[in-house]
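As structure tokens, here come the structures.
Note that subunit A is present in both complexes that follow, paired respectively with subunit B and with subunit C.
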Partner chain A sequence: MHRARHFAFGRPRAFPVVGLGGVEPWRELLLHRQLSLGRGPRDADLLVLSGEIPTDWGNTLRALFETMALPRLVLYVAPGADTDPLPGLPPGYTASSVEGIDWTLLWERLLDSQGPSARALLADQPPTPWRGRGDHGQGGEGMMGGTPYGRPMAMTMEDPDQLALDDVPTALGPHFPGLPSGLYLGLRLQGDRVRQCEGVENRFPSQSPPPGSGHREPALRARAREAVPVADLEQARLRSHLGWLADLLDLCDRPGLAMRLREARKDLDSHALRRLLDRAESRQLYYQTRNIGVISSAQARQWRLAGPVARASGLKLDTRNHDPAYRELGFQPVVERGGDVWSRCRVRIRECYQSLDLLDRAGDAHTRAPEGARGSFLDTAGGGLDTPSARNLAALQPGLAGLEWHEAVLFVGSLDLDTEEAAWR
Partner chain B sequence: MNYGPVNWLAPPLALVLVILGVAWLAWVNRLAGDLARGRVSLETLMGPPRDMLRDLHKEFRLTERPDLALWLGAPLLLLTLTMAALTVLPLSPDWVGADSSVGVVFFTAMFALTLVAAYWAGWGPNSKYPLIAGYRFVGLMLAYEMPLAITVIAVALPAESLSVSSIVATQQAAYWNALTQPLGLVIYLLCALAVPFWGPFNVVNAPELAGGALVELSGAPKLLWRFGQYALLLTTSAFAVPLFFGGGAGPWWPAPVWSLVKILLVSGALVALGHGLGRLRLDRFMWWAWVVLIPLSLLNLFLIGLLILIWPGLAGK
Partner chain C sequence: MYTTALLYALAGLLFGLALLALGRVLRFGVITTEPARQPFESGMDPQVHAWNRFHVRYLNYTLIFLLFDMEMVYMYPWAVVFLDVGWKAFMEMGMFITILLLGILYTWREGAFRWD
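Moving on to the complex of A and B:
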């Protein structure tokens, strides 16, 4: 029995929550052969807390962990970590890096049926009492709308075809698989169509960019008027775009190609990457993403969108275009006119090819163009930092209305939002 | 009806064959997935039994106020429908659970009732994402059911019978339907993927719904649901053999062996194909089904009718 249990959880499934600086450790962990990706928390054995988790996420994470079926464990991966991050969660397994994980010890803790992870964290009772009159304790027959007993109830509303349909309040996030952690979207659904996005919330706390901010670092250094090697900037862009493309392919149910892209992004081998990018830019992806979440160039300008998102809507916004080093390399910004998810894919895929070409030619050229993978880092009027992710968040609320659920998820994914970056001031 | 001596053995034998068939499909699915990832290893072989044991050792956790009867009934219904449909599948003229004169109507009716199982799985856990998954399957089913039914009628036309055994016998006397109705075969195979919501049609357990109907399911009921889905895929593929590939026809081996080999090949090919196609958008599929597939299946029906009128030998006359 013990052996069978050990065998059964030999490749535990993980569900990620990505905190500050946690994107890269999570992507590294995803490639590990001892681990597989769970589709949701119920499907997972490990709640992976990657990076530094904001302390005010404690309640949400406790509820998330409580939805996980036994056996379960919190795996905390963050550089320099030596204690469990959140007091509300049971002590799990802590590692400073993926290589530092002792898998035997991890399995031992995961399969410990008397351990702290096996105990209930929350009382097994409804969040608010049920006192309704219906057969199953619901609010009462014939009642619609409002929030009886703390539970929002559907109210019929007219849909675009003038049909009276239930209008169901629901949420996307703050920890939805495949989308950035900390992004919470309050939605009203009719069937599986989003009638309205009521609110967008980034749950990362506002702060200054920490030193060593991963792929964004070269662009941030350039923003500080430091001359940065073009090769550094383009490698960072390439890695970021490839990571984004892999996540989007996962959402399109193409995990095989997504995994190959994640592996290829480790060493950026030009030949292998070009082959994979050719495969990714397929008719299949075109049919899966075309005409979804269209943003016109006027809307892109009005919402002050940045980077590939703006360029996919026909705006030639790229600070590299005015940089002498890039001009010398013959740089031309990649622009598409469709404004849909497919155009955003095309822009990023073509920018990957462009980065590979620039890496071949760049030599030791240096630049001061603060153009990161998601767009340019600008200064606000008060001298603060205006990040591309913060600007692109503006597209969510107006852009989600009218989309079907799968379109909504692809639309959010296509914006390549970095919620940690969006909280930088 | 066939009440031959083999019938009392049929239920346990069918169950054993379904279990072996599901194990085969789980392994092919794993192999296709690992080939796509470039990660074929010993884990490719060990993965399916590991997943099974994992589900068995995982706790079944309740949601708040679920409709337990429907939630737990969904995988049972899926499996029951599968086994019921298999009763009219002939492995040979003697190896058939119930050689009904309306076998074709019976198994398509069982396939249609999959809708109920998928909707129960969506409704039962009292959770939003599974509920959306349940809604979506209704849309998918309405789109594929008409082309499936018309294609099956076209297959029954040369036999002038709704008995699956008669359809096999007609093909063995003349030509396989795969040769005379290639268009029908393609439409049937597409529907054979759609009925168990597999591969491009996986709108029920979709990643953009964090697993859809499976998002709240864990433990043994989840294993049963996955088993039911595989078994349904095995069944829809299995019916392609008597409908299009001449049933147990083939040299050297006895008819049941040929039937089983063909079933394993067709079902394995469909599972692998599911990995290669990528998922379809539901809105696009519905457009395709209503605007393209239904007219094409009607065209197939018209063509085969015309061919039989011109050339009765096509129907073995």
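Moving on to the complex of A and C:
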């Protein structure tokens, strides 16, 4: 029976929740091809907790895990992890690195129909009790304006076509596939159109950059007036842009190319990368992303946007432009004028080519330009850290209004928000 | 003859039942508690009831269907008499296609051919 189930089951699907320092382990896990990406919790078999998970995510993660169909398991991957990640989640499989995962043992635990994950986690009570209430036992009072089945009905509101459609308050995030982990969006949806974005919250806890962040993001060291090798800065930019491009191609339903880009970003082979970038910058991507989420140069300036997002709206904001080492290398910032998702793709793809060229010519040149992959790291008036991701979060609330849902996901993806970085102070 | 048909029907029924039984034996069980049946909202509780009205925007699909369907409906009989009627039929089809083309351009402008 067990072998028959094993045979019938196929490859497990994963629902990722990325915590502190969890982006790279998750990308590495995807490359292993032992699992595939699930479309949502009901479709997923593994709740993958990658990196250190903030303790206050416990309630949402328990609710999420409970909606997963059987078989299900928590897979926790974080450097130094040896215990289960959060109290309240059933014990699953814990590994300190992706290489350390014993896939046979993981399969055994996943397919164990008597294990702790196979039992209900939460009490069998409706979140909003309704049975037996109301005149007809329908759970409340009436329909429109009432609360049938314990929850109020959404009220109508005119949409741009003057149709009275229900205006549904919807919470998306902090664990939503296609959005950066930890990002919460309070939206008003009319069908698949975002009428209004009422709130944006970053659910990562505010903290100073943890030790080792300067290795991942050399621009942080440059901000501390340290002379950083140009090669380090450009390699970090190239890796970040390629990781972003792979995630965006996943959103655009091109998983094969996305996977090849993830593989190529491991050793940064110039020839292979140029070939893949050439394939990625396709007419298909152009038709999927043009005229979506347009940010004008005036808006980019007003919202204090940073890095490739600002440069895609025609602003020549790049601290490398004033750096002697980069000037000697003949550096010119990459600028596009369209301000849409396609322009942001173009800027990052052109910057990948530029980084490859700079890596060829940089030698042992050093720089103090604090220009990371997402923009420049600045000092706040109080001497704190002003990160580009925190500045780019400002584009979400005004930028999401009026977009259809597939456009909204591409728009958020095109901003390349690192929610962990956005919480650095 | 009827025996063969009956045997086929019985075999089909048994095959279907066998597949259902196999699925039941191989499945991992189902959790049917209230929290497990919650709609997915990233771990948050939904604020409003799941019944709500939204616009499917079938208009564009309907327009595309009508434009290409009407074209075919008229073209079949037209193709039969085309050689007999000659240039007159050609001009008539030209006018018809032009009107349909305007419809296609309108639908295009409305975003019907957009890549979602």
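Note that in this section the second predicted complex is superposed on the first by the 397 of 425 C-alpha atoms of A that agree within 3 Å, B and C clash if a C-alpha of one lies under 4 Å from a C-alpha of the other, contacts with A are read in each partner's own complex, and residues count from 1 in each chain.
Throughout what follows, a residue touches a chain if its C-beta (ideal position, glycine included) is under 8 Å from a C-beta of that chain, and two chains touch if they have at least 3 such contacts.
Keep in mind it's a predicted model, so treat the numbers as computed, not measured.
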Room on subunit A for both subunit B and subunit C (clash or fit): clash
Contacts of A:Met153 with subunit B and subunit C, given as first, second, both or neither: second
Touched partner set for A:Gly10, first subunit B, second subunit C, both or neither: first
Subunit B versus subunit C as contact partner of A:Gly178, first or second or both or neither: first
Partner chain(s) touched by A:Ala298 [first = subunit B, second = subunit C, both, neither]: neither
Partner chain in contact with A:Ala224 - subunit B first, subunit C second, else both or neither: neither
Partner chain(s) touched by A:Val409 [first = subunit B, second = subunit C, both, neither]: first
Which of subunit B and subunit C A:Gly191 touches, first, second, both or neither: both
Touching partner for A:Gly256 - first (subunit B), second (subunit C), both, neither: first
First, second, both or neither for A:Asn59, with subunit B first and subunit C second: second
Subunit A residues touched by each partner, larger count belonging to subunit B or subunit C: C
When the two complexes are fitted on chain A, the stretch of subunit B hitting subunit C, from 148-156, 166-174 or 202-210: 148-156
Set of subunit A residues, in rising order, touched by both subunit B and subunit C: 4-5, 8, 40, 42, 67, 69-71, 126, 168, 170, 176, 191-192, 284, 287-288, 404, 406
Touching residues on subunit A, where the partner in the complex is subunit C: 1, 4-5, 8, 40-42, 59-64, 66-67, 69-71, 111, 113, 118-128, 147-149, 151-154, 156, 159, 161, 163, 165-166, 168-176, 184, 190-192, 284, 287-288, 404, 406
Subunit A residues touching subunit B - in the complex, by the definition given at the top: 4-5, 7-11, 33, 39-40, 42-43, 67-71, 126, 130, 136-137, 168, 170, 176-178, 189, 191-192, 250-257, 259-260, 263, 284-285, 287-288, 404-406, 409-410
Contacting residues of subunit B [partner subunit A, same complex]: 33, 35-39, 41, 43, 47, 50, 53-54, 56-61, 64-65, 128, 132, 135-136, 202, 205-211, 214-219, 275, 277-284
In the complex with subunit A, residue positions of subunit C that touch it: 25-31, 33-38, 40-49, 51-57, 115-116
